[in-house]
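Two complexes follow with chain A in common, the first pairing it with chain B and the second with chain C.
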Partner chain A sequence: MTKNSIWNKRRRREIRFLILSLTPFFTMLFIFKILPIFANFYYSLRDIEVQTSGIFVGLKNYRMLVNDPLFYKVLKNTFTYLLYVGPVNIVFGFLLALLLNQKLKGTTFSRAVIFVPYIFMTTLVGIAFRWILDGNSGLLNHYLSYLGIEPVYWLTKSSTAMLGIAIASIWWTIGYNTVIYLAALQGVPREYLEAASIDGANKVKRLFKIIIPCVKNTTFFVVLTTVIYSIQVFGQVYVMTSGGPNYSTLTFVQYLYIKAFREFKLGYAAAIGVVLFLIILAMSIAIFWLFGDHDEFKAKRMKRREKFE
Partner chain B sequence: MNSYKNKKLFYRVLLYILLIMVVIIFLAPLLWILSTSFKTTQEIFNGLYNWIPQTFTLENYREAITEYPLGEWMRNSLIVVGLVILLSSVFYILPAYALACINFKGTGFLVILMVATIMIPKELSSIMSYKIVASLELLDTYFAVVIPQICDAIGVFLLYQFFRTIPKEYSEVCRLDGGGHFTILTKIYLPLSGPAISVMVILTFVTSWNNFFWPLLVTFTNKSMTLPVGLATIMTSYSESSASRQYGLLMAISLLTSIPALTLFVLMQRKFIEAITISGIKG
Partner chain C sequence: MKRAVALFLVILMGGILIVGCGDSGNQTSVGTASTDDTTDAVTENVTTGDVTTVTFWAGLTGDDQQVMATLVEKFNEEQDEIQVEFYSVTWSEIFTKFSAASNTSSGPDVMLMHPTDLSTYSDKEMISSLDNLIGDMGISASDYSTAIWEGNQVNGSQYGIPIDYHPMAMFINLDMFETAGLTAEDAKVSSVEEFNELCEALTSDGQYAIGLGSNYAHTYRYWYGFLHQAGGSFLTEDMSEAAFNTEEGVKALDFMASWVTNGYAPEAQADIDADWLGGNTAMVIEGPWFIPTAMNSGMNFATVEFPQVFERDAVWGSSHTITGPVYDDRDEEVVSATNTFIGWLVENSFEWSASSGQIPANITVQTSEEYKNLELYEYAAAFINVAEYVVYEPLCPGTSEFGADNELSPVANAVYSVISGESNTSDALDTAAQSVNLILE
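So, the complex of A and B:
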C-alpha cells in the first residue's frame, strides 16, 4: 500500500465520523429550531389547522392583527413588564454583585440565598407569590401597612397586576444576573483598582472609570438575555393571572399560546410569532449595536486624535 | 487617622446592614411558604402573620400526598429530565468534538448557525413542533416532551469551547498510535472533560426541569404530565375565592415538589453556580 492510500483511508474514516457525529444534532436543530422560524412566516400567510396545511390567504392574518385591539394591549403589556423588570434586574443585579464582592463574612451564604429562587419552577414562584401578594391576607400588604400603605389588590386590579407579576419575576431571576456579574467582578484586575486608589480616585470614581468598563462584556450579555427573556414572559402570567384582570397582564407569548393552542388559529398565532421574532431580532441588533460598535468607533476617534496631537 | 478608621468602620457596618437586609428580603418568601405549609387553615387567616405556627400541623402535607398525583408527576418529570440528559450527552458531545477537533470546510458556518439559534425563543418553534408531534400521533407521550428539548445549542457550544482548550498534542500522540477519532474522544477528551460535562448536565437539568411551555402543549394526562404543568393545573383549577382557602395545601405542594431541585442545589451549590456563570460568560 502506498502512503497516499493510507492517508485516503484515514480521510474517508474521518469524513464518516464527521457525518455520523454532526448529523443527529444538526438535524434536530434544523427541524425544531431553524425550520420552525421560517415555517411561521409560511403559516402566517395561510388559514391553517393542526392536521392540515390549510389554504393561502395572503396577508389576511396580518390585517386582522393590525385591527386587533388586544394585540396592541399585548404589545403594551409586554413592554410594561420589560420596563418594570429589565432595569431592576440589570442595575440591582449588578449592585447586589458589588455588595457580595466586598470582603464581608457570609457572602457565600448570601450568594446562595440570592440565587436559590432561580432553581424553583416558574409555576411554584407563581403560586407562592399569589399568596404573598394576596390583597386581603398577603404578607406584602401586611408589612406595607406598617408604612401606612393601604392594602393593594395586586393581582386582581388591572393597574397593579403587572407590577405584582414583575415583583415575583424579579425575586425569581435577579440572582442569575448577580451570579454572572459576580464572576465578572472577580475578573477585574486588582492592579487597576490599586493603581487608581494610589492616584487618589475615590470609590465612586473607581466604580465608573474602572469597574463598569471592565465588566462591559458581561453587561452586554446581561442586557441581551434580560430583554429577550422578559419579552418571552409566560409561566408567571399563566399561573398568577392568566392574562387578566381585563387583559391587563396578557403578554406576547401568552397571546400566542391562546390563539394557537386554545383556539387553534395557527395561522393567526404564526403571524403573532413572526411579529415577536422580528421584535426580538430588532432589539438584539439594537443591543449589539449599542455595545459593539461604540468601542471601535471610540478607538478610531482616539487614533485620529492621536494623529492630530 | 482616627477619623479615617471611624469612617472605615462605619462603612463596614453599613455594608453588613445592607447584606442582612438583602438576605432577609430574599429569604422571606421562602420562609413564609414554609411557615404557611405547617399552619392550619384557620391560623393562616387569623390576621396575626406569625412566622412560627402556633399549632403545628402536617395535615397540609398529608392532603397534598393523598389528594394529588404528585408522585406520578414527579416520576414523569424525573424520567423526562433523565432522558433529556442522557440523549443530549450523546447528541452534544459528538458534534462539539467534531466542530472543535476536525478540520473541514464549514466549521465556522455551523458554529455561527448554532450560536444564532441560542437566542431564538423556543416558544416560536412551538407551532411547527406541535404539528410534527401531532401528525406523528405522539401527543401526551414522553417522546413528545423529550424530543424538541435535545437541540439546545448552548450545551454544544459550551463543550465545543472547552474541547478547543485541550492541547492538540494529546490527540496527535493517539493518532500516531493509530487511534481514530472515536478513540481520541473516549480515551483522551472525555476523561479530561469532567468539569465541562457536569456544567452541561446541570444546565440541562435546570432548563428541562423548569420547562413549562412545551410540556403544557403536549401533555394532557397524568401519564406524561410533568410537575410544572401539573402544578399549573392545580392552580388554574381554583377560582380566586376557593384558592384563598387552600394556601396551606398549596405551599405544602410547592415545597414537596421542590425537593429534587433543592437537594441537588444544596449538595452541589458551588457547581451549580459555576455552571450558570459559565453559561453566562461564554454564552
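So, the complex of A and C:
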C-alpha cells in the first residue's frame, strides 16, 4: 500500500515534469501549425481584403476556382511534375542504393556525393540549373551538341520548361531516397539471401523475392514522401521560371503564392490551399491502401468471423 | 543532478518563449520607456521631443537600395529635426508587409511604388490623395511633362509624386555597328522597313541584331509601346474592357514575332542583357536602370530612342513614385516632416539618378547643371527626348493583375507565347482580352 502510493507520487511528478517540458513546444506547434490549418478552412469561405477579416461568402471562392481556366493548368502541371520526378526518384533512388550497397571501393565517397545536393538550398540549385539549362549558352546544351542534338530551350519554351525543372529537382532530391533505401537494404537479413543462393536463386530472383519485399515498408515511406513533396513543389519553380513561360510550370503552391502575396486574394488562395490539402489527403489514402497488408487484414476479419460463428 | 539540469533547461526555454512573445508587443513603447539610455540617438530624440521620426519604405534592392539609403542618410545629416528611417526589401515582400501594417502606425509614412500600384492601393484606401499636400512639399505640376504627371493620377487626383521615370530605349554596341558599317544615327528608325534594314545589316553568322527575351515583363513592355504606335489602346477609355485584341494589337505583336522568324533575334532567349554584354546581340531594348551596368562593363555603346515604326510616337514608361500611406491619428509634426522630406527628395533626385540611371521626372532637376554634369548624362538623352509621348499603363485596380509585374498576367503570357511561336497572334490576344475582361468585372 505505502509502496504503491510512493510510486504514484513519483509517477505523478514525472508526468507533471513531462507536461511542463512539452508545453513550450506544443504551444508553438498549436499557434503556428495546427491553428493555421483550421483557420485556412475558415478563410477559404471568406472574401478577404488585406487589412480586414473579410466577409463570409460561402462557397464562392470554390465556385470561382472551378471556373478558373488556370486552375486546370495548375492541376495538370503539378501532376506532370509528379510524373516526371516521382518514378525516377523512387526507382533510381532504389537502384542507386543497391549500387552503393555493394562492397566496392569508393562507396562512402559516392554516398556523400549523391546525398550532398540534398542539403543545398533550393535557391542555389535553381540558379545553378538556370545557367546549366540555358538555351543559348548552357552547359547541358554544350554537351548535347557533341551528340549532335540541336539546342533545347529548356526553361524558355513551354514544352520543355517543366522537364527542365524536373531535371534540377531529381538531381537535388534523389539522394534523400537513396539514403533511406540504403539504410533499409542494410537491414535485409543476410541469412535469407545466403539461404536463397544456396537453394540456387539467382541475383534477379533474390532481388524480387527477398530484397524488394523486405524493404516494402521503406518503399511505402519513400512513395508517400515523394508524392507529397512533389505535389508541394515550390522553390525550384519560384527561382527558375516563376511559373512561366506561358503558365507551363505554374504549380499549385506557386499559384497559391501569387494569388495570396501578389494579388492579396487571401480567401481565394486559402481555397486553393484547401483543394491542395484534399488532393494530398486523397493521394495519401490511396497509397496507404495500396501498401496496406490486405492479407493480414483479411485474416483478421476471418478470425473474428470464426469466433463469431 | 540530471534533474536540476533538465529543470534549468525548461526554465530557460519557457523564459525565451515569454521574452519572445513579449518583445513584439512592447516594441513601440521601448523608445519612451528607457529614459536613462542616452547612447541610443533615436531613443534620446524621442524622449526630448526635438526630432520627428519618419519611416520610408521601398522595394529597392541591390545598388538602388544602397543609393537610396545613402540619400536618406544625407538628408538625416543635413538637418537635425527629422530622422528618416529607411527600410527596403524586394517589391513583393514590401507590399506584403505594407498590407499587413496598413492603417496602423507601424506602417510607413512614405512609401515608394510604381504608378501601376496606385489605383490598387488607393482603391483599398491604403494610400491617400496628395492633392492638398503638394503645395507644402514645394512641388508644382508645371515641373513635369503632362504624360508623366497624369500617369500618377487616379481619377484625376494625384496619388503619387514621380521621383523618376523610366521609358525604354535601345542600347547599341558601337563596335558592332562600326563593323557593319553603321553609325548610331542609323539606329534611329522611323518605319518597319528601316528597322528591318538595320537588323539585316547587323545580323550575321552567330551574331544577332537585337535581343527579345523570355522576360515576359519586357516583351510585354515593348509590345505595349508598339501597340500605341500602331494607334491601338490597351483598355477602352472608361477602363472597363480590353481594347488591345484589334488589328493594331495584332500588327504590333506580329512585328515583334518577326524579329525571331527573320533571324534578327535569338530564339527563346533567356537573358537579353547578358547576351548584349557578351556581344551576341548588337542591340538591346532596356530601361535607364541598365545605364550603370552598361557603363561598368566598359563597352563602347550609345543609347538611341525606342524604335518608332508605326504612325504615332509612343513608348512604354513607368516611374518610381512617392506615395503617402493612410493611417489614423498621425501627428501634425509627422505630416509636415514627411512633406519636407518628400520635397527634399524630389529636389535631390539627380543624386538618385546619378547612381541608379533613372531619369529625374522633375524638369527643373532634369535641366539642372548638377544633372547635366553627370557622366551618364550623355546616355540619358534617348530617354529624356521621349518624355512627351511616354505611355503609362492604365491606372485601374486590375493593372496589378494583368500588368507586366505579375507572373500570371494573361497579356504578358499571350505576348510571349506568340513570340515563341507557340500560339496564333489573334487567338492569343483574344484569349488574353477575355481574361482581362474577367479581371475588370
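In the analysis below, the second predicted complex is superposed on the first by the 273 of 309 C-alpha atoms of A that agree within 3 Å, B and C clash if a C-alpha of one lies under 4 Å from a C-alpha of the other, contacts with A are read in each partner's own complex, and residues count from 1 in each chain.
Simple rule for what comes next: a contact is a pair of C-beta atoms (placed from the backbone, for glycine too) under 8 Å apart; a residue touches a chain by one contact, two chains touch by 3 or more.
The shown structure was predicted, so the numbers you read here are calculated from the model rather than taken from an experiment.
> Once the structures are superposed on A, label A:Asn246 by its partner contacts, choosing first (chain B), second (chain C), both or neither.
second
> Thinking of the overlay built on chain A, is A:Tyr176 touched by chain B (first), by chain C (second), by both, or by neither?
first
> Is A:Tyr153 touching anything from chain B or chain C once the two structures are fitted on A? First, second, both or neither.
Touch partner of A:Tyr153: chain C, not chain B.
> By the touch definition at the top of the document, which applies to A:Val204: first (chain B), second (chain C), both, or neither?
neither
> Please indicate which partner A:Leu70 is in contact with in the superposed arrangement: first for chain B, second for chain C, both, or neither.
Only chain C; A:Leu70 stays clear of chain B.
> Just chain B (first), just chain C (second), both, or neither: which does A:Phe264 touch?
second
> Touch test for A:Asn136: chain B only (first), chain C only (second), both, or neither?
Both partners, chain B and chain C.
> Under the stated touch criterion, which partner chain does A:Pro24 make contact with: chain B (first), chain C (second), both, or neither?
Once the two structures are laid over each other on A, A:Pro24 reaches both partners.
> When the two structures are laid over each other on chain A, which of chain B and chain C touches more residues of chain A?
Larger number of chain A residues touched: B.
> Considering only the touch criterion stated at the top, classify A:Gly273 as touching first (chain B), second (chain C), both, or neither.
So A:Gly273 only meets chain B here.
> Does any part of chain A touch chain B in one structure and chain C in the other, and if so which residues?
17, 20-21, 24, 28, 50-51, 130, 134, 136-137, 156, 242, 261
> Looking at the complex, which residues from chain C come into contact with chain A?
6, 10, 13-14, 17, 92, 95-96, 99-100, 102-103, 124, 126, 214, 216, 266-271, 275, 278, 280, 400-401, 406-408, 413-414, 416-417, 420, 422-423
> Using the touch definition up top, name the residues of chain A that touch chain B in the complex.
13-15, 17-18, 20-22, 24-26, 28-29, 31-37, 39-40, 43, 50-51, 96, 99-100, 102, 104, 106-107, 109-124, 126-132, 134, 136-137, 139, 142, 156, 171, 175-176, 179-180, 182-184, 218, 221-222, 224-225, 228, 231-232, 234-235, 238-239, 242, 253, 256-257, 260-261, 266, 269-270, 273, 276-277, 280, 284
> Residues of chain B touching chain A in their complex?
12, 15-16, 18-19, 22-23, 26-30, 32-33, 36, 44-45, 47, 49, 90-92, 94-95, 97-99, 102, 104, 110, 113-114, 117, 119-132, 134-135, 147-148, 150-151, 153, 156, 180-182, 206, 209-210, 212-213, 216-217, 227-229, 231-232, 235-236, 240, 243-244, 247, 250-251, 253-254, 257-258, 261-262, 265, 269, 272-273, 276-277, 280-281, 283
> Touching chain C in the complex: which residues of chain A?
Chain A reaches chain C through residues 17, 20-21, 23-24, 27-28, 49-51, 70, 130, 134-137, 153, 155-159, 242-247, 250, 255, 258, 261-264.
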